[in-house]
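Structures incoming, each one as structure tokens.
Two complexes follow with chain A in common, the first pairing it with chain B and the second with chain C.
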Partner chain A sequence: MPRYAMTIDLSRCMGCRACMVACKVENNTPEAHFWMYVFRFEEEEYPKTRVWFLPRPCQHCDNAPCVKVCPVGARYKRDDGLVLTDFQRCIGCRYCEVACPYGVNYFHWKHPDKAQYLDYTDDPEVKSRTNNTMPPYRNPDADLRYGPEERLTAGAHHYRGVIGKCTFCVHRVEKGLEPACVANCPVRVFEFGDLDDPNSIVSQKLRTNPHFRLLEEEGTKPRVYYLMGNPPSPEVRQVMPVKGGKRG
Partner chain B sequence: MSGRAVALPYGVGRISLGWLALVAIAAALVGVGAFAYAIQELEGPIATGLRDWGTMGGATWGLYVSFIVYFVGVSFAGITVAALIRILGLTYLRPISRVAELLTIVSLILGALSVLADLGQPLRGIANLFRYARPQSPFFGTFTMVIAGYLFASLVYFYLAGRRDAYLMAQYPSPLRWLYRAWAAGYQDTPEEKARHERISFWLALGILPLLVIAHSTLGLVFGLMGGRPGWFSALQAPGFVVLAGVSGIGHIIVLAALLRWSLGLRDQPEMAAFRWLGQALLVLGIIYIYFTIVEMVTAGYAGREHEQRLAKLVLVGYYAPFFWTGMGALGLAIGLLASQALSGRWSIPLLVASGILANVTAVAKRLIIVVPSLTHGSLLPYGIGMYIPTWVEGAIIAGLMGLGALTILLFMKAFPIMEVPAPVEEVRP
Partner chain C sequence: MALKVSRRTFLKGAAAAGGVAAASAFLYRNLETLAGPEGEARSSAAPSEEWVPTTCWIGKQDCGILARRIGGRVVKLEGNAAHPRNLGTLCPKGVAQISALYDPNRVRTPLIRTNEKGIPGQFRTASWEEALNLVASKIREAQAKGAKTVIWQKGRSKSGPLYDNAFTAALGAVKLHHGAFCSDAGYRASEYTLGLNGVLHPDFKYTNLLLSWGWNITAGGGNKLCWITFPRQLVEARERGMKVVHIDPRLHSAGPHADWWIPIRPGSDLALALALIHQVIAQGSIDRAYLVNYTNAPFLVQEDGTFLRLEGKEQVWDEGSGAPRPYDAPGVRPALEGTFQWQGRRLRTAFQVLKEHVQGYTPDWAASICDVPAEEIRRLAKALAENAQIGATISLGGKVLPLRPVAIHTYHLAQQELGFQATRAMAILMMLLGSPGAVGGQRVDFTWKIHANFQKFGEAKLANPPYNIWLENSEFFPINSNNSAIVALALKDPEAWKVDKAQLPQVMIIHMSNPLLAFGSSQDILEGFKRIPFIVVLDAWISKTADLLADVILPASTLEKYEGPLSATDQYVDAVALRLPVMDPLGESRGELEIYLDLAERLGILDKFIENINKELNLKAPNTLPKGRKPTPREIFDLWAKSQGLSEGIAYFERNGVWVKGEIPIAQQYGYAQDPPFGGIRHRLYGESLLLMQRQMQARGVSEIFWRDYTPLPTWRKPTMEQSPPQYDLYLISFKLIEFKQARGTNLPLVAELAPAQRLWMNPKAAKARGIKDGDEVWVESHNAVTGQTKRAKVKVFLTEAIRPDTVGLPHHYGDIARHPWSEGQGPGAAELFFTGPGYIANTADQSFLVKVRVYKA
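This part shows the complex of A and B:
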């Protein structure tokens, strides 16, 4: 059984947020839901100002607070380390969201179909650009069930009133592909692989680079390792936050 | 029903204009709440002011969760008072025993309904909380001990404690005789039965007391165990919840007891000694709660991590200060009123009622202060601050639940004596 982990090389990230777009397209996340989010930080004062970027997927913690508090076991950790949500079991209490210190959970405040960026049901604006046809927006892979448990865990377009978050693109990982953010980064910030395999790229990177994990002091034991940088200090200012609004 | 009908005790079966007006108001509130809930079900939770914390800049939990905690808190005192009457033999409290037990049951049901209002998938909630229950989740205690065990134990206690009166009421000719007979279920108030009942009630009360401390503690642990949430992670959460539950519950009982005494035109029931006991209990619990709050704020503000300090400042002098100081000011005023009465030895029902209302203002304000600021301003990552303004839908649903509680109590008091029927009434047997 692999032990999946992700490395994020902060010295490479230029804050283009292509990973955020890739995630949205791959997982059909509704408006204002950012399963992958890239902080843009500013530190110190002019002329010493420094701008840097910190991508924030779900940390897929080994000691995940969200898994611990879920009253029905809808949030669970697989043997390979992926922390997933069973959309058919989730009751929508949002306890996972308040327990998680990373802010990676997004609740479907309305049906995901009604919170897409475009109206995929029947939008004349879209039709005028696509030769009068409506393109499908749903990723069909996300409708399948994965893992030995065969639970509905991929994608973000299933139900209203349930929680969703980054799945490390379980539907791609199961096919031997990398998560969408990893595959689409233009400068190879992310690597994804098996910690138990000494030759995997994540193992190699962790051997040769200084690294940290976010909010390690909380005892969550994240599976996401940040290379070549430091955790955000209390003095950092977030610049250009997403204007997700309150549409949800 | 028959020409020999006699007036039933405590206004049972007698419909007055005032009662009708109250029922109409309560029913109207229930109607508005049901309408708001229908809107929430049609549109989804988007109809509330709640949103995700983090990039969305909202609060994940808000009014509903605050009122789950509040309603469950109110339930505390009812059954405590009922149990203490048995265990400590406080006979002068007996007249308020039933209304206290009823308050416990009604507020627990309202707490459970608030949970349903908050859930994104309420029907799944009802099924899955049983099907896939996980004792590792702090919610497990809320659902099992509070809403199942505690409610069930209270219902059994309520039923047993009412059997004697049901038997006595069945002696009167009335359209509800079938109910009294069913409730009494063969009980005839013989000395042996009485002794057996007393014994069962005593042990049940003894069992309920630890159960309710555990139940209210688990509710506190829902927040207190969250290490990654400044403002919540505290060993004081559980005992704080127990004490604040007592404050709000006893406040409620005082108000209800005074309302009964006034509306039923009773001059000496519940007697002043009962009010004095309740006032003293409220005074002690209120002082303990102030002490807890001071300790909590000193710990967070002095030695706490940076995020804890920031949150403590926000609550004490920042954005949330008006809520915090309204709550603490109300409690301070209540304690002042109670202490002056205790010192002078002269207790006044209007002042006690004012203290009870003030105690509940504190309970609501403090619950909001516990739930919301940690979500809007308690992020350990630099997300920026959030905002939460409840919508009318949330307010209407909460008002509807309160209306439902009032309606239940109002209807109950016309069907069953709201206080223990004092004297044996065998002589009126038709």
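This part shows the complex of A and C:
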């Protein structure tokens, strides 16, 4: 059984947010839901200003607060480390959202078709180009039960009334592919692999680079490791936040 | 400023805030979710999966794409790993453009205007037959009035050989470039000085010190490649040890990739470059061998500023004989510097003239102009000299080549009044260090092929009036970048600009362009272009230009078409690609090539078009297009692929997307490795022909405002904007966001969501002094120091410590770019606040995107 982890090289990131968009297309997330989020930070004052960027997916914690508070066992941690959600069990209480110090959970208030970006009312011309269906694409892989646990994962379908969050693209990982954010990054900020394999790219990166994890003092034991750089201090200012929606 | 929040909560970023809501009882069934394919069971039994290669449609660098198709439906776009430029990745726009394929807001049928122009359009749908017949009849009417009355405005043309060359030549149309928006003054300066078409960029494999000057290295790429490639090469170079000096009023353009930020005052770049030239000469850090052998630095200049020519040949001072000799005489030993008396004449080498010219341009002089400490300028000059390693060589591919690992990366910096000369000064700085064409040194283009403008500009020929609509070779702009903003001015007052009345445009074809937002002064463009009786726009959406100005809109497809050929080189590997349709075009939209073929047929110029295609695509027998029959786009590219030596034709691209030909040989990569080096030209340190142009302009009585910057050596003067009254106390600059770098990307909801509204970037100190807080709505009022005109726009403020306190900035590509729910109401476009016309354009007719403004609460 692998022990999956992600590394994020802060010395490479340009803050372009392509990972946010790659995640959105892969997972069909509705407006204002960002399973991957890239902070743009400023520190200090002109002319000593420092600008830097920090991508933040779900941290897939080993000691995940969201798993502990889930009253129905919908939020669970797999043996390989992925933290996922059984959408059939989720009752939409949002305890996980409150418990998570990283803010990675998004509740589906609306019908997911109505929270998509363009108004795809029944349009015969679009349908004629899309195999007689309407966007967005409903990826059947997202409905499958995965892993030895054989459980549902709350992937790309966004059931109304339940919680969604980054799955490390479990439906891709199960096929031997990298998560969408990792695969698409133009400057190779991310790596994904097995901590138990000393030859994996993440093991190599962690051996050869200084690294930290976000809010380690919370005891969450994240599986996301940041290479180079330092944890954001409370003085860091977020600029150009993405709030979501048309006039966000 | 962003709120400070506790460490525990701030990482929540964009997550919805809120307490615990009552638990909803959505239990095990009937959860509402995305609609699946009709009648299709929710299972993994997906219908057929295929990957269709194509090429991105948005940006300028044409990244390779693989479209994932499930049951014939495109569900995702991913980067093509085989494509040298993007290696399997895509930028935010590239990923997001999948929405364009199915966008219900696209133009799906031809549209014909039913109301007056200048206001939002009312259109009726029309058949292709009707629309094309109308366009053809208007073109015929126009051409009956005069041969050059049809003009073609390009935007991001994606097939220069087919559209810009073959079609417009068959049509006899006057071409307007997408032009000055894109740093053309820098292109002209490089063509003039080094003979190469491009602005300045490094050799990322070997450069050790990079001056990232005035442009977005992390958010914009470079002049030759827009994104992904240059940023990736930048990251790799920095990990190898390259240092980046970022010279820009704004830090976000380099972010954490700047090792040293020099926040220069807007518009003072020429002064800094001159001070660096002064300092490099004062330090003696100059590459004498390069300057003597490959530039005109040793040429003898007479008192009147012209070269000494004997029997038509430029002369150098031969140290052997102590007399002038032709620069290329065998055995000649040219002096690089010195003043010589010869036959009663005082002769100086061009280098000597430069040395004296920059004598007063000291670091202390530049410090107050640029607001950069003199010590920092001296430190930079020292770093340049140390890193240039003058005299060092490296062996590459069996050749021993000079190693000068210092270079400048600049691009949109040229979009300022002094842009031509500022870029020239930067090139001269690099020339002094021996950097052009050396390993790790200055690059401009991917080839060392000498551009035709090198010779043309050297001839200093001015045409006599009347002029064509873009004032080509005119006494106003002897070097001219074909800027549509100038066209608009000429349309408004043809007499003042001495335009040939017989050439006033009757029909304009706007090809995937949005001039109202793309060129300086939206208002001027609107007023000017309104005078063109008939305008046809090819676009995928109703652009603002189409909305206000189009008589006919022809629906163009996006990724659903054949287009190319498209270069796929990353500057080290040679490759070529095609754009291939990933599905049938939405609605009745069609590729531009098909539209032009149909139009050519109606105009009776199909055979001419075909003949031009054969020539422009270099189609070779037996793979040429026969006349008398309209070919399909696929057939054209099939014959092209076969003519290129790919026996399977277009099928090769349908399988692979890109044809990677292999590493570019060292012999082609470096100017020094050419035979003869640099293609046999002498780089122009001294611009004699600029002086000759200036004298002709003076002789014709042209106003000083046009000729003052035609100087043989870059000469500092204060930009016109500095004459604005003191209440206009801020500089307005413009730039691009990576999310929003191309206008055709702004209708993509996924990128529009990332940057949904225009913001004025402002330093908190400047804001505080004006009682302005983050998010406040303000008026930005710009002032034209020549005409006294003012303009204003209302926008919300974004406070950032990463911009000079005397500078505010607006990103481009806002301003209701099209009729689209995601782009309407985004706030003003930057072009609404800039000016066009003398004082706000470069001496090469290029737009300046600099102006003085005042900002006050709305």
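Here, the second predicted complex is superposed on the first by the 225 of 248 C-alpha atoms of A that agree within 3 Å, B and C clash if a C-alpha of one lies under 4 Å from a C-alpha of the other, contacts with A are read in each partner's own complex, and residues count from 1 in each chain.
Please note the rule applied: contacts are C-beta pairs under 8 Å (C-beta built on N, C-alpha and C of every residue); 3 or more make two chains touch, one makes a residue touch a chain.
Every value quoted in this text rests on a predicted model; they were computed, and no experiment measured them.
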Original post:
For chain A, which side has the bigger count of touched residues, chain B or chain C?
Top reply: C
Subject >> Partner chain in contact with A:216 - chain B first, chain C second, else both or neither >> reply: neither
**OP:** Report for A:161: first if it touches chain B alone, second if chain C alone, otherwise both or neither.
**Re:** both
Original post:
Can A:103 be said to touch chain B (first), chain C (second), both, or neither?
Top reply: both
**OP:** Based on the superposed arrangement, let me know which partner A:92 touches: chain B (first), chain C (second), both, or neither?
**Re:** both
Original post:
Is A:39 in contact with chain B, with chain C, with both, or with neither (first, second, both, neither)?
Top reply: both
**OP:** Answer with first, second, both or neither: which of chain B and chain C does A:56 touch in the superposed model?
**Re:** both
Original post:
Looking at the overlay, what does A:117 touch: chain B (first), chain C (second), both, or neither?
Top reply: second
**OP:** For A:238, select first, second, both or neither according to whether it touches chain B, chain C, the two together, or no partner.
**Re:** both
Original post:
Of all the chain A residues, which ones make contact with chain B and with chain C?
Top reply: 32, 34, 37, 39, 56, 90-95, 97-98, 101-107, 111, 159-162, 214-215, 232, 234, 236-238, 241-242, 244-248
Original post:
Can you name the residues of chain C that touch chain A in the complex?
Top reply: 1-2, 4, 6-16, 19-21, 23-28, 31-38, 40, 42-47, 70-79, 86, 88-92, 94-96, 98-99, 101-105, 108, 218-219, 227-228, 231-232, 235, 238-239, 251-252, 255-257, 261, 263, 583-584, 586-587, 738-739, 749-757, 763-765, 798, 800-805, 821-822, 825
Subject >> Contact footprint of chain B on chain A as seen in their complex >> reply: 32, 34, 37, 39, 41, 56, 65, 68-74, 89-95, 97-111, 159-163, 214-215, 218-220, 232, 234, 236-238, 241-242, 244-248
Subject >> In the complex with chain A, residue positions of chain B that touch it >> reply: 43-46, 48, 50-58, 60-61, 118-122, 124-125, 128-129, 131-134, 136-140, 143, 222, 226-229, 306, 375, 379-384
**OP:** Report the residues of chain A in contact with chain C in the complex, numbered from low to high.
**Re:** 10-18, 20-22, 24-26, 28, 31-32, 34, 37, 39-40, 42, 44-47, 49-53, 56, 87-88, 90-95, 97-98, 101-107, 111-113, 117-121, 123, 125-126, 128-141, 143-144, 156-162, 183-188, 214-215, 232, 234-248
